[in-house]
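Please read the structure below before turning to the comments.
Chain IDs A, B, C and D follow the sequence of writing; residue 1 opens each chain.
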């Protein structure tokens, strides 16, 4: 596929997806997220050969929110190893809301996977550092290195907005502490989690980061080995099974690639051996996924034959 | 990869897996399944070019049990269409035991996916025919045509064994009837379900059947279009997310291909664009999957680079 | 308290309660129950000395529904003994809807108490007789003897109405059969249960029956020992904790006596050492209790100082 | 009944109960509670006429733990009124473990009743004062006034023991804060809760306190109106339905009086119109109730005909 054609496909996908936006809504439980422009929609694709393709509002920075969970997971796999990560969070779909405490109680505090909130907090609690700031600082370094871009920062307003409202996540943290899943300080883990959710990127930065997951763990542009193939399979499998909240199955059927969404409106998709895709559209569907972003992904999967299940 | 090499790989996988068998157990809740020889272990691979490779106890017939759920799903997609099937069973992982009624109650009787028992019974209830015998007769025809083998039959002893014990599945059926998920007769749906679970095949027959799912819905040996590509993506995605009971995530991480297991000891795995794999080993792990079969799959995935997540 | 005064109190309670009726609704899931006149309201009190006091629509026959559960419990305690009954159903509040299967699954099929549907079906399954008709026949005899009235019968139309719709209760029955809680035939137990729910009485008959529970197990009018004091404490305790579905606590706070309600609009209340009260009002509140009946009970408790918690 | 006889009955009850102690266990999750002598067993009865009767280890101070929940409830009813208390915690049995978060999630954070941990923390959060110390100080004053004994204090070691371990209760607090059930500071509410649980009394002090609940809210010895009759019925009803954790039903059947137990080994029982009973025995049964204390209560109920359900 030639590059100019790929750009056309992206333009066409944005056009296709735009009408669906108006059925979506901004999340209302994190004030800072409710203040963005709901009509934005953009996409960026990085292919393994280094070419970059964009369409729509690809250059607007947005809060990556839950997409940060996969970077924390990747860093934890690198620093602590798969065995220790598995001891803190499983790799099975939860079948429960991402914020739920129910399954946690029935399963002795061990989160089903690293992409529900509990699992993400457990994973973040494993990151090096004592305080929330220290843990986050290492993770931000990891992210910046992946993006090759030191300008990536946390949005302090979003962070403040989350930190003052999310008592549910604090409950999750203390609950896991009770069961011995969190070793250190609960507040540090939860604070680091709020920070990582508040990191901002645009589609170009986000899709740049995903490349190593489409290339066996090696950044195809720098040839740096970010992680081992075993961890890549781990991450991509978990993304495929649990990456889109309670719509992961529908996404697997209709799009068929490992991906992670965030309530900030972003979705990062990985096509092993081919490309990394980032979309942005802040209006969400009732499952919490970017309503326009999902449609872009569906169109791309169809036009470019991306599904792994073909 | 040359054919003789693939056979070597299979032999080596059986050798690798055999020691794990002794940690497994035969299921005790269906008397007929508790009477097989726990030490058996076999595998058969059909590649898209029509070559067949075997190792171990590949020619022992076994009860396909839950593997039948994917054939019923495929037939229902063909006869009723995806939209109607989706109205009776979703495509999301359940996060609950495959036999559970809990989620069914919380979600108004609609099963999460067609591979948990509730979903399978709902799908089977949609198959043409009024009685259990009629519904099953059509499904058996579908299976025989897929296998190109009219000798495939139900094991009457296994059927009898299930039908007289499985009050849990009857409860599931009546519960869905209460919620209007099952339209017709509950007993007919449950009876057909017991029958389909009792179908017997060996690894050669089973892997033969899976070929169309590795080839966009077209049987590569006969060139018959069994189903449309859209349904193939549907089925493979559901297999990937929900095919191995509560170990689907672990299987995705370690093996990385769509697959379906049964408590009869079989596992059918699909590698899109490459091959269909059937393994048999009746000793089960604590999740209800063939303990030796899982190991064979892991070895094959590693040796042949089968994971879709690479 | 003199008798004419008690009648005045009853009249005044009906007057007090009548305005609340219009906020209530007839149940819609059992067709036969949706066809009664929602404006009816009546009460009858039997005191231990044999005096009878009535007000309002005390002589309209109604379907006793769940009130039958306490008679089945009493008969099972007599015929099988407390130990065996306890093996089939506990004595703890459930905290779940009366029709729910969730707790049943988590607690290995054993119902929390004999007043939720599962517990009632388990208790009825213990009654003498093989078929539903036989089990019910014995229970009806027990009821008639308690009432001293052989004219009491089942309403065949109500029975038919329940039997053809209640797949949820069939699910409950098969689920308990799976766990070994029901020994005999599921259909017989469920059928007997539908029959007992369809028994009709008016307030005079119903309050007459309750007298032995207010008098240590001895019918004060005939001096017949219906049951032992130990069983009376058992029954009254269970009524107090679980008798009004998910409003048992509120009823305990506001009325404070053992009681059992039914979706047919009846409530039977026991005041140990003093009296038995039956009210009828088919319009139900959102918890499934007679909305006017509850108000009558509250007024009587207040006027006559009935609460055991004073 | 003459006084010397009542003492005999108490002695006999302690004798009867003592052999059961050895089947019990000290709780291990609060270190301070695991260090008491498991063989202790005592009882004290205050009758409405002011006579006091004791047997066994009646004068050993113990940690009242959950028994404090009823004093906090009583004070909250006095200071905030029943309506506001009802807005923070219901009056229905939970059917779930006292520490559970599951039902809280399904029911939007509102605890079922004030005697499960969540409900108790919600009630304590309503007590006057900003900090945990302030809230507790008022409650301790209320308790001391009830006992007529200013020597009652919190055991600082027990408090420290709870405060450093109970992350589950912190989780409960933050979870309710998320749902808006807790208005003020979570840490203050939880801290006050830990403090109230750490109050120490002996059986004489504890049974002295219960007298007003057996006498329509009026302390029979001082004639002080502690609360209104409506609140007494509220408290006694909730005690009857929810006072003994998940053994409330069994206690209602076998003993039949309103009561509250604590994992410190105490049980306070109220017999309206007659007496207040406090027992102590730190060895617990598997439900978390004093194993010897329960037996004493059963014996007293039988010997003195205490059950309200007779």
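Everything below uses one rule, namely that a contact is a pair of C-beta atoms (placed from the backbone, for glycine too) under 8 Å apart; a residue touches a chain by one contact, two chains touch by 3 or more.
What you are looking at is a predicted structure, and each value in this text was computed from that prediction instead of being measured.
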Find out how few touching-chain steps suffice to connect chain A with chain C.
2
Suppose chain centres are the mean of their C-alpha atoms. Which chain sits farthest from chain B?
D
With chain centres defined as C-alpha means, what is the inter-centre distance between chain A and chain D in Å?
48
When the C-alpha atoms of chain B and chain D are each averaged to a single point, how far apart are the two points in Å?
55
Distance between the centres, which are taken as Cα means, of chain B and chain A, whole angstrom
32
Using the touch definition from the top, which residues of chain C touch two or more other chains?
none
Arrangement of touching chains [line / ring / star / complete / other]
ring
What residues on chain D touch chain A, complex-wise?
100-102, 104-106, 166-168, 170-175, 177-178, 186
What residues of chain A sit close enough to touch chain B in their complex?
90-96, 103, 112-113, 216, 229, 232-234, 236-238, 240-242, 246-250, 252-254, 256, 258, 272-273, 307-310
